[in-house]
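Shared chain: subunit A. Partners: subunit B in the first complex, subunit C in the second.
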Partner chain A sequence: MPKYSSADILGLAPALVLIVGALTLLLLEVFQESEKRGYQAWFTAIVAAIASLVALPMLDGEAHRILLTQDGLFFAVADRFGGAMAIVVAAGLALSALTAGAFLGARKAERGEFYALAMFAASGMVLLAQATDLLMIFVALEIMSISTYALAAYLRRGMRTTEAAFKYFILGAFSTALYIYGVALVYGATGGQTGLQQVAEAASEGSLLLMAGVAFVAAGFFFKVAAAPFHMWTPDVYEGAPTPVTAFMAAGVKAAAFAALFRVFTVAFGSEDVALHGWMNVVVVLAILTMVVGNLLAIPQRSVKRLLAYSSIAHAGYLMAAIAAAANPEVRAAAGEGLLYYLATYTFAGIGAFAVVAALERQGAEGPLMWDLDRFAGLARVRPALAMAMGLFLLSLAGIPPTAGFMGKLLIFRAAVDAKLYGLVIFGVLTSLVGVYYYLRVVVYMYMREREPSVGELPAPRLAMGVALALAAIGTLILGIVPGFFGEIARASTLALGG
Partner chain B sequence: MGSVPLAHYLALGSALFAVGFAALLVRRNALVVFMGVELMLNAANMTFLAFSRAHQTMSGQAAAFFVIAVAAAEAAVGLAIMIALVRNRNTLNVDEVDTLKY
Partner chain C sequence: MTEAMLFYPMALVAIGGALGMIASRNPVHGAMYLVLSFFGIASVYVLLAAELIAALQIIVYAGAIMVLFVFVIMLLNLNEDDLERPRLTPGTIFGGAAALAFWMISFMVFSDLPDQTMPTELPEGFGQVASVGRLIFGPFIVPFESTSILLLVAMVGAIVVAKPRI
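And then the complex of A and B:
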């Protein structure tokens, strides 16, 4: 039997804080009258802040293996990588909760379940980034996914919402089945191991069974992160889900899934035979495909929400490039640094952009017109601050200095160059240029078009939304102008992970 | 009477997986599609148990329990989503669920 210690509890503290917060919120709901709601978004933001505070001790000091047994098995680890990801996830949770506060408040749909589900999902994300056992990853993945299915279906009276939730559920369940079947094959190929380190020891050479397992595990993850050709569900689901949930899915779910993917592929399947001669070429091809598909399909979109959905596929492509570079043990640390940094930048800029879409969304009607480009026309005259924030987020997504997105892309492309994946870098830079076109088109609409009266009134500004946008804008600027701050954390965390 | 060899269990597991996948692709009723997913999860269970017996380790048996529990939780949320879908549109045919388009 493993011995419990206080260090084990401390190592799981961020997830525990989120779970306790969710349960507290559910209990408080019982005693609240419906008019007094509206505190939940702030409550969730405070819980997220506490979760990131208790994650800070993980950032310095040694990795602690949680519930280490005598056989050397452990299911999760409290290390720098997990701590950094916990902070990124908590930031994503706080931003999308505040966005949701304004969004649901305007629709009179504020209920505690929404925020409780978001906190449960975030606890799954934190555990996913800390898990070091394929089975634990499965459980964490499902804690995250099942909560997100329910979140996507939250506004259950809308045709589009239920359709989006249904598609998300079926494809999510399918990807889970792929993943767990892959784990079963790996379990067989390694003589009964699911711990990442034990798998690595047993599987330094890729047998056919092991490679089949790796392929299924990878396919499961690629569905979750929406990499082409597993991206088909993304635009529909992201468009149909309530906008704050879309923001949470695009940033939080993707970040956590990429963190787990990185850990699994570098620790368990990181040996030269399995990585360099195995999955690297496949990941390179998929990364290029994802960048091309995401960016090209974003061009004709008039619905800004759908445009951002395609852009999130494109960003998955850049993150896949980091995974591909990590196949080379020598550049693994640099690739991980880029991945972590990019996830942080996308959390702020991506959620920020979706938050602006939520702030402008037309109420009452259903259809693509709710997020049409025309709703952004002349925004700079009517709401200069909102237009400026959106411009900042879009520049960051496009990767233009001095915003955060530029630093993220720079780190990833540098790692890919070190790994001698020149073709990947060329495709990355070219597709980024394509991205600039459709991001800047929104900026052109906001600053250079006249407002047309037919698009209707803008919703009234709300405090929670303002705070969320301000925080996201500050995060985007800080990550862009002072890259050393989070860069140090990212570098230190992946050095320990990559060996 | 010899015991059933490992390969037979694995073949059964992969056959179940293939049947589930085929159901997911071919069938039009949302419930049957979901059943296909459940079959795929059970294929994973079968594979876990077969390897668990072959390698004489108990962790595969535990893994199967995890999968069963998670599948139950997934079904609870999934069926709720399908109820919401039926209430909104009065259909479970996946071909008719197509408001969101490219």
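And then the complex of A and C:
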């Protein structure tokens, strides 16, 4: 029997706060008159802020193994990595919730369930980043995924949204099945172990069975993070889902899945035989493929939302580069620092960019015209602040200094160079240059084109959207100008990654 | 030896049921074949001394989930014309080839199994309700309680999806 202590509760506190917040919102909904809504977005943002506050103690001090039994079994750990990820996830939740507040408010679709599901999803993400057992990772992955399936199906207006929700559900369920099959193979190869540390002890050499398990576990994760060739669903789903949900999926789901992938691959499958001579080469090839596919397919897009969807695939490629570099035990800490930093920058810039798309989205229309480039033409004249924020986010996504995206790319490429993966770095830099073209095209439209009256009126500005955009812009700037602020946390957290 | 004599017929039932399910054109027949397959798998669980899982397999899968499947099939009320005729398209050929390749790789992987010393004597009460319950509420409490959140999320999500357009 495990001994319970207050440290166990503190270690799970961020997830518990999010769950309690979601339950409170669900209960409050019963007593609400349908016209008096609109507080939920702010409530969610406050819960997210509390969750990140209670995650702060995890950032310093020893890693605590939650509910450790005498047999050395434990399913989650409260360490710096988990704490840092909890803060990133909470930031993503707050930004998406505020965006959703404005977006749903304008469409008269404010319901408590939406925000409750978002908070449940965030609690799954936090647990995913803290989980240290393949079984616990499965449960956390499912909490996150099932909430996002429902969120993607929330605003079903038109065929495309329904298609997107259905596609996401079927392929997501399929990817989880792949993951759990891989876990079963690992369980067999290690003589009945699912704890990451126990797996590492039992599987220092890569047998065929173990490598098959690693391949399936990896495939399950690659589906979730939309890495090529598992990316086919991404553009349709990201385009069809309600824009705030897309932002949350692109930043939150990706961040949590990458955090778990990093922990699994470095702790459980991190031995030299399994990593350096095993999965590293595969991950390098997939990383290059993802960067190339994401960036090249983004070029011809006229729908800005679809463009950002392809760009999110490209960003998954850069994050995969960090995973590949982490195969080398000597650069593992540097690669983890790059990964965490990149995830933080993408959370602010990615959600920010999707939020601007949400702010401009045409109501009542269907199809790509809702987010056509022409809707951005001449934006700098009509809404200078909005155009400026979008410009900042796009520069960060393109990786141009002094924005956050530049620091993230720098850290990852430096780790890859240290790991002697020069080909990967060359492809990374070249595809980033391609990225600059399509990001700057949107900026050119905003600042150098005249506004055409045919594109319709812009929606009225809303307070929640303004706050979300301001926070995202501040985050992007701080991470770019003062990289030491979060960099210290990121470095310390991956140096001692609890298993 | 007796184990092998029991195992092969049961495995045959499980695999035969699965094959019958994908081969039958009538969805109700397919569902019934699936039940057969579930029973085969449940008896394999019994052979592995996992009686609780065997019982759950029957109650939850062959019972509850299958009833749901049959309900959905009956609600859809498919006519003979609605059913797709099996045809040889590039997609099905590729899918079949992929499945065959997967089967061959699995064969390679599983014939390479490392020799493991399995415990010959099972611990007292292995695989029974009491010992599984003690595990669930003991060391496995964190994933178990997380599963309750998972079920709640699935319920809320299903209600959100089932609602008429918001």
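Going forward, the second predicted complex is superposed on the first by the 496 of 499 C-alpha atoms of A that agree within 3 Å, B and C clash if a C-alpha of one lies under 4 Å from a C-alpha of the other, contacts with A are read in each partner's own complex, and residues count from 1 in each chain.
Keep in mind that, in the parts below, a residue touches a chain if its C-beta (ideal position, glycine included) is under 8 Å from a C-beta of that chain, and two chains touch if they have at least 3 such contacts.
Since the structure is predicted, the reported quantities are computational estimates derived from the model, not experimental observations.
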Next on the checklist: According to the stated criteria, A:E272 is in contact with first (subunit B), second (subunit C), both, or neither; which is it?
Outcome noted: neither
Checklist entry - A:A140 contacts which: subunit B (first), subunit C (second), both, neither? => result second
Next on the checklist: Quick check for you: in the superposed arrangement, does A:V183 touch first (subunit B), second (subunit C), both or neither?
Outcome noted: first
Checklist entry - Where does A:E201 make contact in the superposed view: on subunit B (first), on subunit C (second), on both, or on neither? => result neither
Checklist entry - If you stack the two complexes on chain A, which partner ends up touching A:D374: first (subunit B), second (subunit C), both, or neither? => result neither
Next on the checklist: Just to be sure I read the superposition right, which of the two partners does A:A173 touch: subunit B = first, subunit C = second, or both, or neither?
Outcome noted: first
Checklist entry - Between subunit B (first) and subunit C (second), which does A:D418 come into contact with in this model arrangement: first, second, both, or neither? => result neither
Next on the checklist: Between subunit B and subunit C, whom does A:E29 touch in the aligned arrangement: first, second, both, or neither?
Outcome noted: neither
Item to check | Intersection of the subunit A residues that touch subunit B with those that touch subunit C | outcome: 135, 139, 142, 146, 149-150, 153, 156-157, 165, 185, 188, 191
Checklist outcome for this item: In the complex, subunit B touches subunit A at residues 10, 13, 17, 20, 24, 30, 33-34, 37, 40-41, 43-45, 47-48, 50-52, 54-57, 59-60, 62-63, 66-67, 70, 73-74, 77-78, 80-82, 84-85, 88-89, 97-102
Item to check | Residue numbers on subunit C that touch subunit A, as the complex places them | outcome: 105-106, 108-110, 112-114, 116, 138-143, 146-147, 149-150, 152-154, 156-161, 165-166
Next on the checklist: Applying the document's contact rule, which stretches of subunit A touch subunit B when the two form their complex?
Outcome noted: 135, 138-139, 142, 146, 149-150, 153, 156-160, 162-167, 169-170, 173-174, 176-178, 180-181, 183-185, 187-188, 191-192, 194, 235-236, 239-240, 297
Next on the checklist: So in the complex, the part of subunit A that touches subunit C is made up of which residues?
Outcome noted: 1-2, 12, 19, 26, 66-67, 69, 71, 73, 75-76, 109, 111, 113-114, 116-117, 120-121, 123-124, 127, 133, 135-136, 139-140, 142-143, 146-147, 149-150, 153-157, 165, 185, 188-189, 191, 207-209, 212
